[in-house]
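Across the two complexes that follow, chain A remains constant while its partner is chain B and subsequently chain C.
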Partner chain A sequence: MSLDFGPATALSCRECGTRYDLGPSFACLECFGPLEAAYSFGDVRREDIEAGPSNIWRYRSLLPVPADVATKPNMNPGWTKLVKAGNLGRALGLKSLYVKDDSGNPTHSFKDRVVAIAVEAARNFGFHTLSCSSTGNLAGAVTAAAARAGLDACVFIPADLEQAKIAMARVFGGRLIGIDGTYDEVNRFCSELIGDPLGDKWGFVNVNLRPYYAEGSKTLAYEIAEQLGWRLPEQIVIPIASGSQLTKIDKGFKELIALGLVEDRPYKVFGAQAQGCSPVSAAYKAGHDVVQPVRPDTIAKSLAIGNPADGPYVLDIARRTGGAVEDVTDAEIVEAIKLLASTEGIFAETAGGVTVGVLKKLTENGVLDPEAETVVLNTGDGLKTLDAVSGDAQPTAVIKPSLDAFRAAV
Partner chain B sequence: MSVSVRIPTILRTYTGGNAEVSGEGATLRDVLAKLDSDYPGIGARILDESGKIRRFVNVYVGEEDVRFAEGLDTPAPDGVQISIIPAVAGG
Partner chain C sequence: MSLDFGPATALSCRECGTRYDLGPSFACLECFGPLEAAYSFGDVRREDIEAGPSNIWRYRSLLPVPADVATKPNMNPGWTKLVKAGNLGRALGLKSLYVKDDSGNPTHSFKDRVVAIAVEAARNFGFHTLSCSSTGNLAGAVTAAAARAGLDACVFIPADLEQAKIAMARVFGGRLIGIDGTYDEVNRFCSELIGDPLGDKWGFVNVNLRPYYAEGSKTLAYEIAEQLGWRLPEQIVIPIASGSQLTKIDKGFKELIALGLVEDRPYKVFGAQAQGCSPVSAAYKAGHDVVQPVRPDTIAKSLAIGNPADGPYVLDIARRTGGAVEDVTDAEIVEAIKLLASTEGIFAETAGGVTVGVLKKLTENGVLDPEAETVVLNTGDGLKTLDAVSGDAQPTAVIKPSLDAFRAAV
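The block that comes next holds the complex of A and B.
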C-alpha cells in the first residue's frame, strides 16, 4: 500500500516524542500519549494559499492530505465567514471583535473540517467504513462525508441527543447507533470495538484516525489569520469539549509563525466550558495540571465530554499564552445565544452560547483586554439546539389579519 | 479474588495477543502488580515512574472509571472485569 499524506511524514507522540510510521494508530506504544502528525513543510507562500480554493484545501500544503485532495469527492468545508462584530463588541465594551462563524460549514458545524481530513486518511488506509463516537455534530458530519465519498458509515451517539442532531446523522444513510450512556461511555465502547474483529477495516475518525482528523482544526487558525490580513488575533475564545480544537488552533498559529506567514506576536488563548461540564475550567482554577473527570449535566451537549483527553494540553496552552479557562451556567448560555443573535444576526448552537457567554464574563471580570483584537468562535448552528431557546422564542403576538388587531397588539 | 482484565490492542504484545487475561488481587493496585509479574513490563506501560496511572490511560473496574472511585485503591470484587483503555477524544 502506498500512502500519500502530502507534507506529513510521521506520527509523533505528543508526550514523549517517540516517532512512528504513518498508520491508523493513535496512542504511543511507550506511554499511551496521543500521536499527532509531524511534517516536513516545503516553501509555503501566502500567494499560493490565496490562489487556492475557497475551502480548507487552500491549506493543503499544511495538512496531512495528498496534493490532489481537492479533486476527490469530499465536503469541501471551511473558509467560513469571519464576521466583524461591531454591535456585539459595543454591547460588551470590546473595541475590535470578530466572530468566526463555523455554522456555515456543509453540515453546519466545525466538524466538517476534521472529518474531511479523516476521509483522506480512510482512503489512504483502504478502510470501507467511517465511524465515530459523537456528541452529535460529528455524527452528522461523518455520515454526510461518507455518503459523498462512497464509504459505509456506522456512528455511535448517546441516545438522549437533540432530535435535530439525530435526524441529521441519520438522513445521509449509514447506521446510527444510540447508546444508553454518556459520551464518555460511547467513547469507551468505540475504543473496545477497535480492538475487535467487528471493527476491522473501520476508520473511527476520532479514535484510530484521530492524528489526522484532529489536524483539521488547524484550518480555523489559518483562516482566522488570513482573514485578519495575515495577522494573529491578540485574544481568542475557543470552546472546550475534548480540548482537541483549542490545542490544534494553537498549533496552527505556531506553524504560521514558524513558516514566516504571520508576524510573531503574542496571542492569548481562552477556553470556554459549560458549568455543567467544566472539568478543565475547574482544573485551571485549582492550579492543577491534570483533569479530574466529571459526569456532564448541561444543555451544551456538543461540549459534554466529562473526561477530556486533551484537557492537560489546554491547561498548558492557556497558562503559556497568558489566557484562562472559564465556564458559564446554562442560563448564561441561553442569554449569550440571544445576545449574539440580536446583535449580529448569528444563531449559534449552545456551544456558541458557551463561547460568547465566556467572552462576556471574562470581559466583565477584566480578564480580557477590551482594547485588544479579539476573536470568538461559533462552532455550530442554533437550528440543531432549538430547545435551548424555543421556550422564549415564540411569536410576539398572534392576531387576526387586520390593521386594528395589529395596532392593538403593538 | 479472581478477576478478568481486558487488554488494549497496543499492550497485547505482552499477553501473547490475548485480549483478555485473568488476574488476581483485592484492589486494582494488587491486580496490576500481579499482572506485571505474569506479563513482565506491562505494569510500567500503565503506571508512570511515580506509580500513578498514566494520564492518557483510563482504567475501569466494572463500569466505573477508577478516577471516580478510589484510583489504584479501588476494590476489585471477585469476578469483576477490569478494562484498560487508551484515552481518546472527539466530540
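The block that comes next holds the complex of A and C.
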C-alpha cells in the first residue's frame, strides 16, 4: 500500500511528541495522548492558493491530502462566505464584525470540511466503509460524502436527535444506527467497534481517522485570513463541542504566521458553549486545567459533548491568546438565532445561536473589545434545528385573498 | 431620482417590442405583454468575469445592476457547484452528466439569485418594503435579503406550505401573511395590492420588479457555461414553475453566444413538471401553443403554479431547440430524490426530484441522447421538504451501546 498524504509526513503525539508513521492510528502508544498530523511544508505562496478552486482544496498544500485530491469524487466543501455583518455589529456595538457562515457547505455544516479530508484518508488506507459517532451534522456529512465517493457508510447517533438530522443522514443511503444513550456513549461504543472484526476496514472519521479528519478545521482559519485580505482577525468566537475545531483554527493561524502568509499579530480566541453542556466554560471560570465531564442537557445538540476530548487544549489557547470561554442559556441561544437572522439574513442552527449569544454576552460584559476586528462562526443550518424557533414559526396572519382582509389584518 | 441599472437601458415588451423607460413597470401598455430588461452590452470578456467575485456579481456587466453592486449589503448568491455526477450518470446510462446544485445558495434555493437583482431595483426606485407572492422558497429569500439590505419585508404565501419554509420565512423578521388559497390566488391578490395605497413604495419582487428580478435566472446559464469551461451543455433539464427560469436560461445562453463568450452550437432545453401540476407538459404533448390552467395537487409545492405566466415561451423554446417537456408522478419524485441523494450526496427538495425524475424518464424513453453532455438543475434543498422522505427517515436500527446489540442488529 503506497500512501500519499501530500505535505503530511508523520503522526505526532500532541502530549509527548513521539512520532509515528502515517496510518489509521489515533492514540500514542507511549502516553495515550492524541496523535495529529505533522508536516513538511514546501514553499506555499498566496498566489498559488488564490489560483486554486473555490473550495478547501485551494489549501491542499497545507492539508494531509494528495496533490491531485481535487480530481477525485468528493463533496468539495469550503470557501463559504465571510459575511460583513454591519447590521449585527451595530446592534451589538461592535465596530467591525464578520460572520463566517459555514451553513453554505454541501450538507450545511462545517463537518463537510473534516469529512472531506477523512475520505482521502479512507482511500489511502483502502477502507470500504465510512463511519462515525455523531451528534447529527457529522452523520449527514459522512453518508453524503460516502455516496459521492462510492464508499459504504454506517453511522452512529444518539437516538433522540432532531428529525431533520436523522432524515438527512438517512436519505444518502448508508446505514444509520440509533444508540440508546448520550453522544459520549455512542463515541465509546465506536472505540470498541474499531477493535472488533465487525469494524475491520472501517474508517471512523472521528476516531481512527481523526488525526487527518481534524485537520479539515484548519481550513476555516485559512479562509477567514484569506477572505480578510490575508490578515488574522483580532478576535474570534468559536463553538466548543469536542474542542477540536477551536484548537485546529488556532493551529491554522499559527501555520499561516510561520509560513509568512500573514503578518504575525496577536489574536484572541473565545470559546462558546451552551450552559446545558458547559464543562470547558466551567473549568475556564474556575481556573482549572482539567475539564470535569457533564451530562448534556441543551437544545444545542451539535455541541452536546459532555466529555470534550480537546477541552484542556481549548483552555490553554483561550488563556494563551487572552481570550475567554463563556456559555449561554437555551433561551439566549434562541434569542441569538433570531437576532442573527433578522439583522443579517442568516438562519443559524442552535450552535450558531451559541456563538452569537456568547458574542453578545462577552460584548456586554466588556470582555470583547468593541473596536477590534471580530469574527464569529456559524457552523450549521437553522433548517436542521427548526424546533428552536418553531414557537414563532407561524404566519403573522392568515387571511382570505382580499384587500379588505389584508387591511383588517395590518 | 437617478437610476443606475448598469447595462440595462430600457424595458421592452416581449410580445410587441414596445420600449419603455426603466421603471417599476411590468406590463406593456399597448398589448399587456410582459416587459423585460433590454441592454446595451459593452465589451464583455471572459477574463473580466473570471476575475470577479465568487457569486453572481461576476456577471454584473450582463445584469440590470450598477457596477458597484458588490459593495452593498446583499446576500451575494450564486457560483454554486456544478457537480460532475458520475455515479448518477452511470445509474441512468448517461455518459456525461452534471448537477447544477443551487441548494448551495444562502437560503438554499435559486430564488436568492433573482431576489438579489430585485433588491438593487428596489434601492433604485426608493422602495422601503420588499414583498412577493411565494410558494415558499421565495418568501425565505425575500425576508433574508430584506434583513441584510435593511429593508422591511411583507410576503404572501399559501397558508398550507411546508413548516420548514414557513419557519425560514418567519425567522428573518419580516411580516409573513398566509393566504387561504392557491399560489395563483396569492399572486392575483398581490397584483391588486400594487394598485392600492397600502402597497405604495413596495417592491413586489415577482410583480412590479419582475423585469429585473427575472433576469437573475440568467446567471444559472452563465455559471453553467463558465463552469463547463466556457461551453454550452448539449442538453439541459430545467424545472417549470412559472416557466421564467427556463426562458431566462435560454436567454442567457443566447447572450453568451451573441457576445462571443461561447461557441455557437446547438443545445436542447427540456422542461420538467410534476404530474400534479403539469399544464405546460400537457400542452407540449398535445401540440398546443397555449397553456390550460390547472389546480395544482403535488408534493412539489415550489413548482405548484397552475397558471404559469411563461408557459407559452417554454413551449416555444422546447420546440425550437429540439427539447421536450415531461412530467413525473409524486412517487417518481420521491424515488428521484433518493436516487440523487444515494448516488451523489445531494439532498434535493421535491423540485429537484422533478428534474431528476424527468431526466430518468426522458433517458429511458430515448428522448435524451445518452452520449450528449447533459446538465440537470437542482433548485432547492431537501431540508425544506422533509415530508417527502419522512416515511423512511428513521434509523436503520436503534440499539443499546454494545457490540452484542450491534451484532444482533446487522
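Assume the second predicted complex is superposed on the first by the 410 of 410 C-alpha atoms of A that agree within 3 Å, B and C clash if a C-alpha of one lies under 4 Å from a C-alpha of the other, contacts with A are read in each partner's own complex, and residues count from 1 in each chain.
Assume a residue touches a chain if its C-beta (ideal position, glycine included) is under 8 Å from a C-beta of that chain, and two chains touch if they have at least 3 such contacts.
Given the structure is predicted, the values throughout are model-derived calculations rather than measurements.
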Could you say whether A:Cys31 touches chain B, chain C, both of them, or neither, answering first, second, both or neither? first
With the two structures laid over each other on chain A, which partner does A:Ala241 touch: chain B (first), chain C (second), both, or neither? first
Pick one for A:Ser131: touches chain B only (first), chain C only (second), both, or neither. neither
Check whether A:Asn206 is in contact with chain B, with chain C, with both or with neither, and answer first, second, both or neither. first
On the A-aligned overlay, A:Ala167 touches which partner chain: chain B = first, chain C = second, or both, or neither? second
Touching A:Gln273, do we find chain B (first), chain C (second), both, or neither? neither
Chain A: partner with more touched residues, chain B or chain C: C
Per the contact definition in the header, classify A:Asn87: touching chain B only (first), chain C only (second), both, or neither. second
I'd like to know which partner A:Thr298 touches here: chain B for first, chain C for second, both or neither. neither
Touching partner for A:Ile157 - first (chain B), second (chain C), both, neither: second
Go through chain A and flag every residue that touches chain B in one model and chain C in the other. 188, 192, 196
Residues of chain C that touch chain A when the two form their complex: 54, 73, 75-76, 79, 81, 84, 86-87, 101, 104, 106-108, 140, 143-148, 150, 157, 159, 163-164, 166-168, 170-173, 175-181, 185-186, 188-189, 192-193, 196, 198, 337-338, 341-347, 381-384, 386, 389-390, 392-403, 406-407, 409-410
Which residues of chain A touch chain B once you look at their complex with the stated criterion? 15, 25-34, 111, 132-135, 137-138, 183-184, 187-188, 190-192, 194-196, 205-207, 210, 213, 241-244, 290, 292-293, 295, 302-303, 305, 307-310, 312
Which of the residues in chain B end up touching chain A in this complex? 6, 8-10, 12, 19, 45, 48, 54-58, 60, 65, 67-68, 83, 85-91
